[in-house]
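As written, the chain order gives the labels A, B, C and D, with residue 1 at the start of each chain.
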Amino acid sequence: MINKTVKNAEEAIKDIQDGMTLMVGGFGLCGIPENCINALVKQGTKNLICISNNAGVDDFGLGLLLQTRQIKKMISSYVGENAEFERQMLSGELEVELVPQGTLATRCMMAGYGIPFFPTPAGVGTEVANGKQVINWKGRDYLMEEAFEADFAIVKAWKGDTAGNLIFRSTARNFNQPMSLGGKITIAEVEELVEIGELPADQIHTPGIYVHRIFQGENYEKRIEQRTVIKRS
Amino acid sequence: MLDKTGIAKRIAKEVKDGTYVNLGIGIPTLVANYIPQGFNVVLQSENGILGMGPFPYEGEEDADLINAGKQTVTLLKGASIFDSALSFGMIRAQKVDLTILGAMEVSEHGDIANWKIPGKMVKGMGGAMDLVASAKNIIVAMQHVNKAGESKLLPKCELPLTGIRCVKKIVTELAVLDIVEGGGFRLLERAPGVSVEQIKNATAGRLIVEGEVPEMKID
Amino acid sequence: MINKTVKNAEEAIKDIQDGMTLMVGGFGLCGIPENCINALVKQGTKNLICISNNAGVDDFGLGLLLQTRQIKKMISSYVGENAEFERQMLSGELEVELVPQGTLATRCMMAGYGIPFFPTPAGVGTEVANGKQVINWKGRDYLMEEAFEADFAIVKAWKGDTAGNLIFRSTARNFNQPMSLGGKITIAEVEELVEIGELPADQIHTPGIYVHRIFQGENYEKRIEQRTVIKRS
Amino acid sequence: MLDKTGIAKRIAKEVKDGTYVNLGIGIPTLVANYIPQGFNVVLQSENGILGMGPFPYEGEEDADLINAGKQTVTLLKGASIFDSALSFGMIRAQKVDLTILGAMEVSEHGDIANWKIPGKMVKGMGGAMDLVASAKNIIVAMQHVNKAGESKLLPKCELPLTGIRCVKKIVTELAVLDIVEGGGFRLLERAPGVSVEQIKNATAGRLIVEGEVPEMKID
């Protein structure tokens, strides 16, 4: 196997440059690549275009990169829960492109399947359709959407092996799996990095060929956005 | 007139045994509480769950297991987890039988607006545009009029659209209505104590009243 | 959960009618739905259009349905190793549509993703492109290919539960997974049918929502086409 | 002149450490035997394997574990299994570094024909059209001339095409050649004991000979 391991987040992201386009995995704060985001803050890379379903909260997730004004543009489906985001957007400092969630996920996946564009009914007849080609197919309208071209995909998995094979855990899978396929270079941080042979071949969610760099992250906070519980009686 | 619980209870009667259902945030989430016992209804959460269960017991919450509203949840036996692309794949391929969601406005042609108010901070459409564009069957849970007393059931939506010609049925605090071919809200049921006249006054779009309109029955 | 179990292959396929289009899983003889094929022979359904990567061998797999002349048309990528197939094709009794293997798999998958057509570079400049729309995208040509519309998908999995969740084993996954997503009605036969809760949610390859009928198959022969081995010294 | 083993050995020198490679049926399969020890080369089999290993020991063959040639194989440590759609997804997305396959004809523009002979039983293209349309780098292993003594390196393919403008390099029993921009087979190496004249006579397409052409080295 080809060894994809790098030492840590700093090494993994060191050639991410100003103005690059990044896919960043996670849904809300669930399954976000915490270590890579922190390393990007430290590295200070600017003018990033971030494809990510959400934009974190003020003091966690992509919100950290917003605080430091490292993001030029967000491509997301939902960006609530973030006051700094709102301020930057309203002041025009931050560009925002809103994309329907399924279209967003599929645009990531299609990049990994080598399919450069595809039709979807989502957004037909809405402002999302502005400037897009509409095709009628068997009586139904579809928008043509493009696969994303991202310089890097940064994802977080539960387990990974040194060959880059990934297994996600529960709903932390979300956008991490399609993004892991879709980056020109894919960086995976994992909770547990194991030797080859430890992950059953049939249970691998993302084959290592899609993953260029892998490392075991540290100190996962895994913050919960909406802690909803049933009290024990 | 129904309260939110009443709307949820009435919508729960639309849920059929042996179906897959996606529930939006707000009143739709409450519907889960009133699905008849013994019904096998599987809840889909578009972040990647089939077979979503109730909230976890205190201390058992798992940061990796949330629903589309970002709330901690549990999985039922037989649940499956998948990525966001496959999740919307099954939505787009119409494998989900019923979608229940809220709305700010619905037009008499079944257009829906529920994501954006000009002049206000726009948070985004999330999965709503995908859901409404593809769902086999959409029921909207909403208030009949807004806080200013204006009807939200309109000839044409005034707010930016989420999707067109997609809503099949609407349950409000006043009534149950469906959208008819060619346009129009057909009044199917009145909320307890609400007159046809009241509903007429609260409906700006074309209201179709055919014969006696029964009062709805909620346990 | 919704219980998808049916008693056996006969019950699973009983409403498959003459002239219907079927996706049939497997690659060569690996992972083919043996029980359903046998039941179709017994039921005698005629004029079937079969989407399947291969056509079996003379006395096994789809070859059995060819022997009984139940197949009107095969949509496949490779159809060697079958003398009866060759005879029927050359005599004009059997229609054959050859589709590049990746296009075939993707046309199955896209049906399950609700994407009715998609571009692929496979076949550009060849006779496969005849009659198809060619689109140039960023300097490269693509053929527009359609998602399949199949009345039934018949697949074979390793394990399944009563809710229809499927797990495939090794390379018997092949076309079974994309086809399991792509049928209007999907029938899955499994080597082991288990109760709900026994398959880990993260390890499920095909979520039960895609599967309409499931049963535990009997007497799997699992014939090997090319037994290649290293002799022990 | 090279035999099949010689062709496979020469092609093996083109395989770089740390790459993913797809090997077609026939001579390309033999290449696996000559990849230098210590090289980390991962073999992709388009029916759904990354990390394909050698044939199993007698008695250990598994009907569920075959390669694209339908032969029983094994998995190496770190291998992964996936479905046919993802397999061709990674091929289409150019994640596979090198594809080695056989051909019946190659044109001086890099077109390739290897799936169909008019008048003969057509078995199908299998995955060949997907592979040649998408591969980053394609090396063809083939005989320079057919059994009738006619060149298979042509100005234009005569047989039905598998793909156009895709072949990068060709290794035959006589020579190593690459395809140049604008068209032409550039002679890079001669097989041991083969003259430039012999290669010229065996090449119907435009042959480009620049300076001294070295004899290839094979261990």
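In this text, a contact is a pair of C-beta atoms (placed from the backbone, for glycine too) under 8 Å apart; a residue touches a chain by one contact, two chains touch by 3 or more.
Please read all numbers here as calculations on a predicted model, not as lab measurements.
When I count C-beta pairs in contact, which pair ends up with more: B-C or C-D?
When the contacts at B-C and C-D are counted, C-D has more.
Which chain has its C-alpha centre farthest away from the C-alpha centre of chain C?
Chain centre farthest from chain C's centre: B.
Using CA atom averages as chain centres, what separation in Å is found between chain A and chain C?
Those two chain centres are 33 Å apart.
Using CA atom averages as chain centres, what separation in Å is found between chain B and chain C?
Chain centres of chain B and chain C, defined by C-alpha means, are spaced 36 Å apart.
Using mean CA coordinates as chain centres, what's the gap between chain A and chain B in Å?
That gives a centre separation of 29 Å.
Listing for chain B: what residues touch at least two other chains?
Correct list: 75, 81-82, 85, 89, 91-92, 134.
Return the residues of chain C touching two or more other chains; collapse runs of consecutive numbers into ranges.
Within chain C, residues 106, 113-115, 120-121, 168-170, 173, 201-202 contact more than one other chain.
Run through the chains and report each pair that touches.
Chain-chain contacts present: A-B, A-C, A-D, B-C, C-D.
Touching residues of chain A toward chain D in the complex: what are they?
Touch list, chain A to chain D: 1-3, 111-115, 161-163, 165, 181, 196-197, 201-202, 204, 207-210.
Which positions of chain C touch chain A when the two form their complex?
Contact set of chain C toward chain A: 106, 113-121, 137-138, 142, 167-170, 173, 201-203.
Which residues of chain A touch chain B in their complex?
Residues 27-31, 53, 76-80, 86, 89-90, 98, 100-106, 108-109, 120-128, 158, 168-178, 205, 222-232.
Using the touch rule from the top, collect the residues of chain B that touch chain C in their complex.
Those in contact with chain C are residues 18-20, 40, 42, 44, 50-51, 75-82, 85-86, 89-96, 134.
Help me check something: in the complex, which residues belonging to chain D touch chain C?
45-49, 54-67, 69-73, 75, 81-85, 87-89, 91-92, 111, 121-130, 133-134, 160-165
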